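There are two complexes below, and they share chain A, which is joined by chain B in the first and by chain C in the second.
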Partner chain A sequence: MNFFLTIVLDGLIQASWLFIVALGLTLVFGVLKILNIAHGSFYALGAYIAASAVTMVAARGFHPGIGFVAMLVAVALIASAVGLLLERCLLKMFYGRDEVVLLLVTYAVFLIFEDLTKLIWGVNPIYATQPYELFGNLEFAGLYYVGYDLVLIPISALIGFAVWFGLNRTVIGKIVLAVIHNEEMSVSMGVRVNRVYAVAFAFGVLLAALAGALTAPKISMQPGLSSDVIILSFAIVVIGGLGSIEGAAVGAILIGLARAASVHLMPEAELFMIYFIMAAVLVFRPEGLFKREMARRI
Partner chain B sequence: MDHSWRAHWAVLAASVAATSLAPAGPASAQESFKLGIVTFLSGPAADSFGVPARNSAQFVIDQLNKGAAPSPYEKAGFGGIKIEPVIIDENGGATKQVQELRNLYQRDNVDVVLGYIGSGDCLAVAPIAEELKKMLVLMDCGTPRIFEEAKYNYVFRTAAHATMDNVGLIRYMKAKNVKMDTLSAINQDYAWGQDSRADFIAAAQQLYPNVKIQTDLLPKFGAGQYGTEISALVGAGSDVVYSSLWGGDLQAFVLQSAPRGLPKRSQLVFSAADHVLPPLGEKMPDGTIIGARGAYGLMSQKSPLNDWLFKGYEAANGVYPVQAAYRMTQSILGLKAAAEKAMSKNGGKKPSTDELVAAMTGLEWPSPGGLIQMKLADGHQAIQPIAISRTKYNPDLKRVDLVDIEYFAAECVNPPPGVKSIDWIKGGMQGAKCN
Partner chain C sequence: MKNGLHPLVMIALVAGVTLLGRALPTWTLSLATIAASNALIALGIVVLARTGNVSFGQGLFFAAGGYGVALIANAWGLTDAVAQVIIGAACGGLLGLIVGPFIARYSGIFFGMLTLALSMVFYGALVKSTALGGSDGFNVGRPTLLGLSFTDPREADFMLYAVSVIVTGFAGIGATILFRSEFGLASLAVRENNLRVEYLGISANRVISINFVIAAIFAGASGAFALMAQRHIDPQFAYWTTSGEFVFVAVLAGTQSVAAVFVASMALELVRSFSSLYLPNTWQLVLGVFLLGVILFLPRGIGSLWIRKRRKRSTIAANAPIAAETGAAS
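== the complex of A and B ==
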């Protein structure tokens, strides 16, 4: 029983931050119809900004809790600004073109951000672990878990619920849904679609960066961080269905559990399991688990 | 016009004749020895290995060119010839490195290429140097396969391969009576991780015949997050957890495993961890058994050569030298010894590639990390001594000290000539000279 609980908990911890990244990716696809290759770069950007913020706060002798808040605030401000700038100054020039062109543009952004992070933060691994000790350790199923890892689970659930609520229960959300379902009709009804695009893209960037910030205290930041994340988050949204929040949640949990079960039971099949699940879903549900055949929604 | 054309050719012919008939003499002061140096300047291995190797190359070459190195390397440059380094980045994969190696030899006209940290890069470039009949000195990469699966005339490796690291660890654990009825391992899923794992487990099964392997993990390189792996390792509760992780991966593993109690439940054993001690500081658990791929850094033994490197490097870079810095240094010093040996036989001329190859084959030379002997692979592969120790954080100096250091002779931890490493280990490490 303990062994089973360990797998579930490890899977949920992994799924928690992956869900936040995938949520941003699926949101951007749902609204802008862009497969954003640069999404992993925004995750890395968030992690690096968080590390800088935590280090600066720690250097002034403040409590790690202040560092935790500072990193979230810094990431929210910078990532939103970066998202808005990219959408307004770059992506909007390519709207209406073939989807492949936008894919290549985001790939170019990915490459630029790879070098940009090296330019700003260097190639050396950096870490900022102070917030990792913030919530102590807890014993569960005979093992010690870091409280910070466990706190990530409700945080991601809260973020997921907030996004779902915002889209389905608020006026702004309903406007976004209207743009998703029928852009032309939305324009004719007076919706400023370009503004919706800008906000949605910036919010997607913010979610990726937030996931990076939340994982930053427990990892060592180094070049290459972004490419691993984008591959996993693509697998998640493909499993769940591009543009589906519920799909992203279920996809993240499936990937997290599959990975945890593999590491505990069959370590050599760890990577295989992730892509096996993705392939199996695509065979039986080519649109993903939660994607409807015709209507596109997030 | 006709007259001037003839005069021009006459002068040219006379010049060529004068050049070809000039008697052979010592190397001129204007002559230089162009040395291609390849090391990671970017990418995941840059901070841990590539940049320290580059820094030590710059320090050593500068010192050699000034004639400021201690005996027996006090002669300036290579036998009086100034060393001119051409440093390039190893990042980018094996295919890129093959092209870069050709560029160094054929476009930049370097005399020798020295470097390479990645095992995959070493395996890729060695046949190219052989094909071009140009000298290549591999300075760090760990895989034993280079000379165990091929034979080269123009290729040398001036540092011991990974077998030494793992045999040294097991001998240390046995000497210190470390209990190991059960063993778990976590290594990266590529050549270095898999070769290290195989060597360590094989050596463990020789000196701890009853050891039971429990959890055996091979996460991909650069995984970064090890929460699930740590659950599996803590859950297994093995006496020993072995790892050949390095760089950012090792730092992340230590940072994530320490709060979860892994170091308290199991003895941590890391084969190449010296380079993460300065950045991790007090985060590195006390009592961890570590290797440094040689008797390097805080485990190095006092000698004029070691003092010169340790103090000089520290003064120049603000941090003490670790394994890659030592390995680069011993490689350059080996090449200097070979060049001067060749020059002593050819009247002091700049040596040709074949003269250098002949001089380097089977060579021995002192280095800051001890005596380097080209004893394996028909004189093309080095063996060297190794040190293993335990970590202990020093709050006064705010650094991790290494205590309980044990030194093992080169012939105690390296296979003898003509035997594949894994066969030697599985055969009970016959012929090892440990006293």
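== the complex of A and C ==
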């Protein structure tokens, strides 16, 4: 029983940050119809910025709590700026081209960011562990967990709820949904689709970078981080259905549990399991678990 | 289609390029070998792209070919280059035959994602299989040709260059003939509208499956070349960035011309090797900027540099909708 609980908790901890990454990816796909390969790079960017911020604050002798807040603020500011800049100056030029071409544009961005992060932060692993002890150790049903890990679960749920609420219960959200649903119609109703695109992309970047920042204290930042994360979040959004928020949540929990279960039961099958699930879902429901089938256009 | 070169002219071209290898310096020779091998797999992607589907998991067949050849070479001591290419192609083709019919039902982004997922399943399995060396992979011996072994490294390089250029060249000629055939035109029709093709009595799934198997055969043979050139294999062969690079070459080339695939592949290798020589820490950055530049300024690929004018004169009336979309579809 305890063993089972360990897997579930570990899975949920994994799922919490994976969900935030996947949420950004699925939103960007929903609005801009771009499957963003560079999304993993934004995650890595957030993690690196967070590490720098935490180290800077710690070096001045402040409380790790301040470091935690400082890293979130720094990441939020820089990521939104990067997102807006990329959308306005680069992606804009490729709208209307084939899905695959846009995918390759983001692949090029991914390649560029790989080297940029190496140029700025070097190739050696970077750590930012100070905030990790912030919430102490918590006991949960006889199991000891690092508080920080457990706190990630409600944070992620909160972010998920905020996005859902923002999309479904506010005017701006309704406009975004209208653009997702039918872009031409929204334009003719007077929606400034360009603006929606820019904001949605920047928000997607922000979510990826936030997830990077939140996980930064748990991991070591080094090259290769982005390609591992993108491949996981791809699996999640494909399982859940591209563009679906509920799908991203369920996909993240599935992948989180699968990772945790295979780490505890058969560590050699971890990556295999994830892609096996993804392939299986695609075989039976190519549109993902949470997407309605669309009528075929002749 | 009347335009394009006669197959005999193309054979002469392949022979010419092969002999040119005699005059090339050694570093270009190994570069050209890799470029030819990448061109082969990218050609497979172009073949498949003509049905409107882009595979992001060609690494699966690339690795299958490579591992198949490496295992047989180490188990039975089979080192003949030509035999290895045939084995690689057979391994890729067999796997394609299994995967193809099942994957042909999907289209667009789902096709790409499913192929990517399959290649990553294979990668995951390879990394963890200790019998195959895990993530480190294993080494294989030098290839021979028709019983001759090459001790002089320059001769060995030239042999590999010649074999890869000839095989890739003939694959290119085969592809050109295929593109002009009834089947090749049916593939284009599938991309335009697969439902109408079905109503006309052609099975779209069959067309996609066959193209898929051809792409898989090319990828398997390409895996054999990569193995012979590196004399080492590891799971990186199946990783998604490897597959991404092949799609990269295919997009640089565009779907209009077979020759463009070779030019694009060579251009990519040159950019890569020069930037890793002069800008060792930023070659990916250079590559990314190069890719963005090509997509922006040559939307229909490198092939559009010399194909555009001819199309305008002769076949624009017949091919107008196709020509308008060829660049975008890759």
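Simple rule for what comes next: the second predicted complex is superposed on the first by the 291 of 298 C-alpha atoms of A that agree within 3 Å, B and C clash if a C-alpha of one lies under 4 Å from a C-alpha of the other, contacts with A are read in each partner's own complex, and residues count from 1 in each chain.
The rule is short, and it goes like this: a contact is a pair of C-beta atoms (placed from the backbone, for glycine too) under 8 Å apart; a residue touches a chain by one contact, two chains touch by 3 or more.
Nothing here was measured: the structure is a model prediction, and the numbers come from that model.
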item	value
First (chain B), second (chain C), both or neither touched by A:F272	second
First (chain B), second (chain C), both or neither touched by A:E133	first
Chain B versus chain C as contact partner of A:F284, first or second or both or neither	neither
Which superposed partner A:I13 touches (first chain B, second chain C, both, neither)	first
Contacts of A:H264 with chain B and chain C, given as first, second, both or neither	first
Touched partner set for A:Y107, first chain B, second chain C, both or neither	second
Touching partner for A:K118 - first (chain B), second (chain C), both, neither	both
Which of chain B and chain C A:P223 touches, first, second, both or neither	first
Doubly contacted residues of chain A, that is, touched by chain B and again by chain C	118, 268, 270-271
Chain A contact footprint on chain B (complex, rising order)	41-44, 46-48, 51, 215-220, 222-225, 227-229, 231-232, 234-235, 247-249, 251-252, 255-256, 259-261, 279, 283
Residue ranges of chain A touching chain C (in the complex, touch as defined)	35, 37, 90, 93-94, 97-101, 103-105, 107-112, 114-116, 118-119, 227, 231, 234-235, 238, 242, 268-276, 278-279, 282-283, 286-287, 296, 298
Sites on chain C touched by chain A in the complex	54, 102, 105-106, 108-110, 112-114, 116-118, 120-121, 123-125, 127-128, 193, 195-196, 240-241, 244, 247-248, 251, 281-285, 287-289, 291-292, 295-296, 299, 328-330
Touch list for chain A against partner chain B, complex	3, 6, 9-11, 13-14, 118, 123-125, 127, 129, 132-133, 137, 142-146, 149, 215, 218-225, 228, 259-260, 263-264, 267-268, 270-271
